[in-house]
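Some structures to go through are shown next.
In the two complexes that follow, chain A is the common piece, with chain B as its partner first and chain C second.
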Partner chain A sequence: MLRYTTVRLLQAILVLWVVATVVFVLSRASGNIAELIAPPDAPPETVELIKQNLGLDKSVWAQYWDYMTDLARGDLGESFAYRKDVAGLIGDALPDSILLGISAFTFGAVFGIGIGVLSAMKQGGLIDSFGKGLALAGQSVPSFTLAILLILVFAVRLGWFPPFGTGTLKHLILPSIALGAYPLASLARLTRSAVLEVLQKDHTLFERAKGVSAWTLLVHTLRNASLPIITLAGIQLGQLFSGAVIVETIFAWPGVGQMVIQGINSRDYNVVQGVVLVNTAIFVALLFLVDVSYGLLDPRVRRTGRGVDGN
Partner chain B sequence: MASTETDAVEAALGLEPGATSGGPAAGPAGSRSRTNASGLRRWFRRRRASKPWFSAFVLATFILVGAFGPWLAPKDPKVIDLGNALQPPIFFGGDWGSPLGTDELGRDVLTRMIHGARVALLVSLAVVVLAGIFGLAVAVISGYRGGRLDAFLMRTTDASLAFPVLLFAIVVVGIFGPSAELVVIILAVAFWPSYARVLRSEVLRIKTMDYVTMSSAMGGSSWWVIRRHILPNILPTLLVLVSLQLGLAIIAEGSLSFLGLGVPPPAPSWGGMLSDGRKYFMIETDPAWWLAVVPGAALSLTVLATNLMGDWLRVNNDPTTKR
Partner chain C sequence: MAEDLGPVLRRHNENDEPVAPGVFGFSRRSFLLGAGSLAGLALVGCGSDDAASGDDAPTAAPDPTAETAPTAEETADSTDETAAPGERTEAATDTITIAVPSLQEAFVDPHFAVGGLVFPLRDAIAEFLYYPDKSGMYVPTLATGYELSDDNLTWTFTLREGVIMHDGSTFTANDVKTAVDRIVEGEDFTHLATFKSYVTGATVIDDLTVAVETNSPYATLVVDMPAPIPTEYYNEVGDQGFREMPMAAGPWKFVSQELNANVRYERHDDYFDLERKPNWRELVYAIVPDESSRVAGIRSGDLDIVYGLTGATADDLATDDNVRIEQVEETGLAYCMMYDNVFPDVDSPLKDVNVRRALLMAIDRDSISETLYRGYAKTANSAAPVVMPGYDPDREPVPYDPEGAQALLADAGYPDGFDITLNSYAQTSTIPDVQKLAETVVAFWSQVGVNAELNIADSATILPQWRNKELAGAGMIAGPTSFYVEPARLTSSFFSSAASYSTVVDDVTLEDLVDSINAEPDADARATLGRELANYLDDQLFGLPLIVVSSLVAVGPNVAVFEQIRANPYAGPTSYIVAE
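Up next, the complex of A and B:
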């Protein structure tokens, strides 16, 4: 178990390092940052000064070294637009993003897994058909379309919820549905097929023959079907934070996603870069936790040291 | 008698959708009187014979409109006519001049939808083809060769899968400025790992088949084995993947356009139209809902069709799948 965890941890760090390097290469490949920051009619001396301030006059390797050592210390640089620490700005916006992410994920996971289990238990029944349709629709309607339709119907026409903004519980509902619909759909589909697979196994048949209560059977089935479900749930939770970019923009939700769009529009690259790195870190951390949870849930994984594929 | 009927069903399977005019349920009327075993078999055949009419229709429309859009569109997508702005669609108070209404600048929504379909089709096809070729190459090399190269390629694939796709795309397009080519490249970069992962496991499975071992034992070169045995056998899986990824590519293109990071305006794109449209139903007492609903419905329908088609292909290619 220790070896397994260590390997996974090293892999996670490797992925983070690769992403950080790619971001570095991209930001340097995009042209002269100093000229972008400087006002359009700035004299060459000003541009030169900005270059020196940012350390852009050094060699690429020296810049890379500075960048990596800064990252290792948790220093994401300064926002050009706000003249503030990027790490601090992200820290301010992150709680709102996490609130929305958790809320959307809870919505998706509870309904998705619930519908999936009920569909599998009563295969071919009414809930099954309904669940299939819902899952298909959820995977087909893009989040921004759903968000806009929700606003149109529930905010503009019916006036039940505010169309955008933050503050009350009511503000949280529409964005959570828009963001949680996709995880709901994919979790419902996967849970259904995972539970069906376990239900067809011999040990389930044996349990049934023994006359075990439906509830116990459900618990045992779910535990056996949990690996792929947890994998997908972890991936979906990680994807939520990047999917939130669109939903946060539509609902004017003051989170990290909106920050990155503003950062792009104002060419505030340190902010953009910082958000990408923080997001990747969250995603990688979640995948790592998922991998470790396999080891705890399934002794077979512990021995071979390889994960199980979600799909 | 029984054999001719079976032949008929099989012939119907091989034919194109238009040939079996009665639809999926139009089996021979006498099927119920058969014995149990053959009845069951026939039932399965018929299930398989039920074709995805809806998806085929939507996808065919999408492809035709995308391919011939500029010649089909009734008007010019960029001509501004402010006197004719925000006309509702036909049956909602509009007229036949603009069946799907006009936008805030008086441009014909139907025309812009048709041109937008072209963008969505070209971008998503290019993405799927590029990502598919690259992913396939990685999968075949990785799966067939094995060893260290395989380990390296699969670690790279895993790392690429760990990228937050949308965010990555947003950043790259944000840095380099929006263009159709860039959208295609960035989405292809984001999409190839799924092909590599899934197809590699297929290659591994086929590689151990007896006929492949025989073929190499009889002196078949690697290239021969790959071309004659591996590629034809992973084709069904590739098709399923392409179909499902096409929908994802359309959504991704729409998302980028929605954020203003896709194909740059004034070229119409569904995502961009949706984004422009949302300003016009928030402020007005009588919201111009069609500006958001029309492109939203088109996007959802198209993706739904690709998903249904992908599911159908999956079920019909894989006899072990249970529904």
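Up next, the complex of A and C:
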């Protein structure tokens, strides 16, 4: 298990380094930020001064070294547009994104797994049909369409919730539903198929034959079906945490998604780099936890030091 | 009114009376650099999506005869006997929430909030020595007048007495000097590079007199002057502290900012100008990037004023009993610039004036105005914006005539048309749906055999490329009308070799005209020259004037009166808004 965890940890660090490097190269390839920051009538000396201030007068390798050493110290640089420390900016915005992500994930996971289990248990019945229809709709309707529909119905027409903004629990409801609909659908479909598969296994049939209670059977079934569900849940959670750009924009939610859009529009490279790196770190960390959870849930993984897929 | 605007600079004595102007004797280059700097200031940080997005910038000339800061006519109807003369009746509404698509700056510091999209932040908190009145004409506000030294290097401002700053201190010349010194000596003000390059410092003569020194003639200093800030408070909290909790003398005091969400202000109860003092207590700028969400917000009553609407949305909202649509007319002029004229060695059909005319004749601009812009736009009759002295309202626009266009193209040697690139940014706050406009232009051109390939990019990509003359063919550009109240602005933005931001032509006749305008201190003569300039541009068509659009604003029931500075496309200032 220790070897397994160590390998996964090293892989995570490698992924972060690769992403940081790619982001650095792409941002340098997309133009000179000093030209954009300088006033239109700025003389060349001013542009040069800005380059010096930003360290852009150095060689690319020197910039890369500075970037990596700063990163190692946790310094993500300063935002050109916001004139603030990027880590601080992300630190301010991330809690909003995480709050929305957790809320949306909770909504999606509770209803998704619940609907999936019920659909599997009542396969072919009314609940199953409803569950399948809901999952299809959840995966088919784009989040921005759902968001606008929710606003029109529940904010404008009924006046139950505010149409955008933050501050109260009510502000959280509509964006959570809009954002959580896709994970709900995905988890419902996967849970249904995973539970159905386990229900058809010999050991489940044996348990049924033994007369095990429905609750115990459900617990055993879910545990056996949990690996793919946890994998998908981890990925979905990572995506939700890393900023739901469209949903945050529609609901004027001041999270990381909105920040990265502003950063892209104003060529605020440090912000874009910082957000991408933090998102990657969150994603990698979650997947690392998912991997580690395999070992906890599946004794075969603990013994072999390999994932369920053999890697 | 626009035709009466004076030159950018007139001299004032301390009684705000005009001083014999004489001849300034500014070099053409220095004048253009000065005027261009305004475009520069306006552009930086504005989302960079306009050719020159500076309402801040001097639109009009400081007028020696102007009354200080006039108010909306409606103010008279909104006053009561208990209020001081000219003061508006206190509204029942406590808070007005204004939704804008973007407010990028982290700080509401008035010296950093420069550029169209963040002007609302600056205009809420700041008060300037001179600022445009409702007609767009610059009038003295914190200043009462100024004099320019004979060598044109020292500007001596006399200041208003009894103005209370946000920290409770009384406004003095020290506060002007503090602002000037902060920018001149500060390292972070590269966005004000031009101001820094001209201004060497300020000297306090007495409490109400300050002299600002420049190292060379700086034509637009009056309107470039930064907002004064309270000296004692600034020294106490330091520069960083000031950025986080700025204070000035404007109608609103900063309260808080939630990045990418909202900025809150409370009324400055001691604001000096009772006629412009808000009649409600709290102002909130809500950042709502998505148009449909802004619409939902005003429908649900969560928002009171919504900026950034398209015509289709405005029409839809107009059916709502609780919402009314206000037009700030003629806020943006959409040009199609003929870039190729700036490259002397490039062989291009766009260098033939008849080809340029044919390209304009091929576009049905009335149809575009009526369909794409739902009637909230009209065909531009001139390259000169409506507020520019010399603008000719009677000039007939070039008519839509595709057959005539084809004939002109054939005469010019292009009977089968030609290929061209049309560059455009994807969006701009000044011209809604600019990408669709570009696509429509391409479609019309194809009808006369001109095959245009669209190059659409975000403004952060397109504008630096244009500035560095890396774009060929033609290109869409949005001119915020209010910026061009001075003929020199038009040339300094687009149409002369000294254009600070970008240019589309190098033309001797045009250069001579620019020189004449910049050497002429008399307002009437400048208007005449402005007319000459407009006529020349309209004859030569270095840039095709396409359409003039209105800014559309949705207003809810909590707002009794909504007015804006003439042709100002941006949210703020709130001087002419009266709450219900």
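Criterion: the second predicted complex is superposed on the first by the 301 of 311 C-alpha atoms of A that agree within 3 Å, B and C clash if a C-alpha of one lies under 4 Å from a C-alpha of the other, contacts with A are read in each partner's own complex, and residues count from 1 in each chain.
Just so we're on the same page, a residue touches a chain if its C-beta (ideal position, glycine included) is under 8 Å from a C-beta of that chain, and two chains touch if they have at least 3 such contacts.
Predicted, not measured: the structure shown is a model, and the values here were computed from it.
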Have a look at chain B and chain C on chain A after the superposition and call it: clash or fit.
-> clash
With the two complexes superposed on chain A, say which partner A:P163 touches: chain B (first), chain C (second), both, or neither.
-> both
With the two structures laid over each other on chain A, which partner does A:I250 touch: chain B (first), chain C (second), both, or neither?
-> both
Once the shared chain is lined up, is A:S59 touching chain B (first), chain C (second), both, or neither of them?
-> neither
In the superposed arrangement, which partner chain does A:I261 touch: chain B (first), chain C (second), both, or neither?
-> both
Touching A:L89, do we find chain B (first), chain C (second), both, or neither?
-> second
Does the superposition put A:A137 against chain B (first), chain C (second), both, or neither?
-> first
Once the structures are superposed on A, label A:I148 by its partner contacts, choosing first (chain B), second (chain C), both or neither.
-> both
Considering only the touch criterion stated at the top, classify A:N279 as touching first (chain B), second (chain C), both, or neither.
-> first
From 291-299, 399-407 or 507-515, the chain C stretch with C-alpha clashes against chain B = 291-299
Pick out the shared contact residues on chain A: the ones touching chain B in one complex and chain C in the other.
-> 148, 151-152, 156, 163, 249-250, 261
Residues of chain C touching chain A in their complex?
-> 33, 36-37, 39-41, 43-45, 47-48, 102, 104-107, 112, 187-188, 190-194, 197, 243, 258-262, 286-290, 292-293, 296-297, 299-300, 302, 458, 460-461, 464, 467-468, 500-502
The chain A residues in contact with chain C across the complex are 31-32, 35-43, 46, 49-50, 53, 79, 81-84, 89, 92-93, 148, 151-152, 155-156, 159, 162-166, 249-254, 258-259, 261-262, 265-267
Can you list the chain A residues touching chain B in their complex?
-> 11, 14-15, 18-19, 23, 26-27, 30, 136-137, 139-145, 148-149, 151-152, 156-157, 163, 196, 200, 238-239, 241-243, 245-246, 249-250, 260-261, 263-264, 269, 272-273, 275-276, 279-280, 283-284, 287, 309, 311
Show which residues of chain B lie in contact with chain A when the two form their complex.
-> 155, 158-159, 162-168, 170-172, 174-176, 197-198, 247, 251, 254-255, 258-259, 261, 271, 274-275, 277-278, 281-282, 287, 289, 292-293, 296, 299-300, 303-304, 307-308, 322
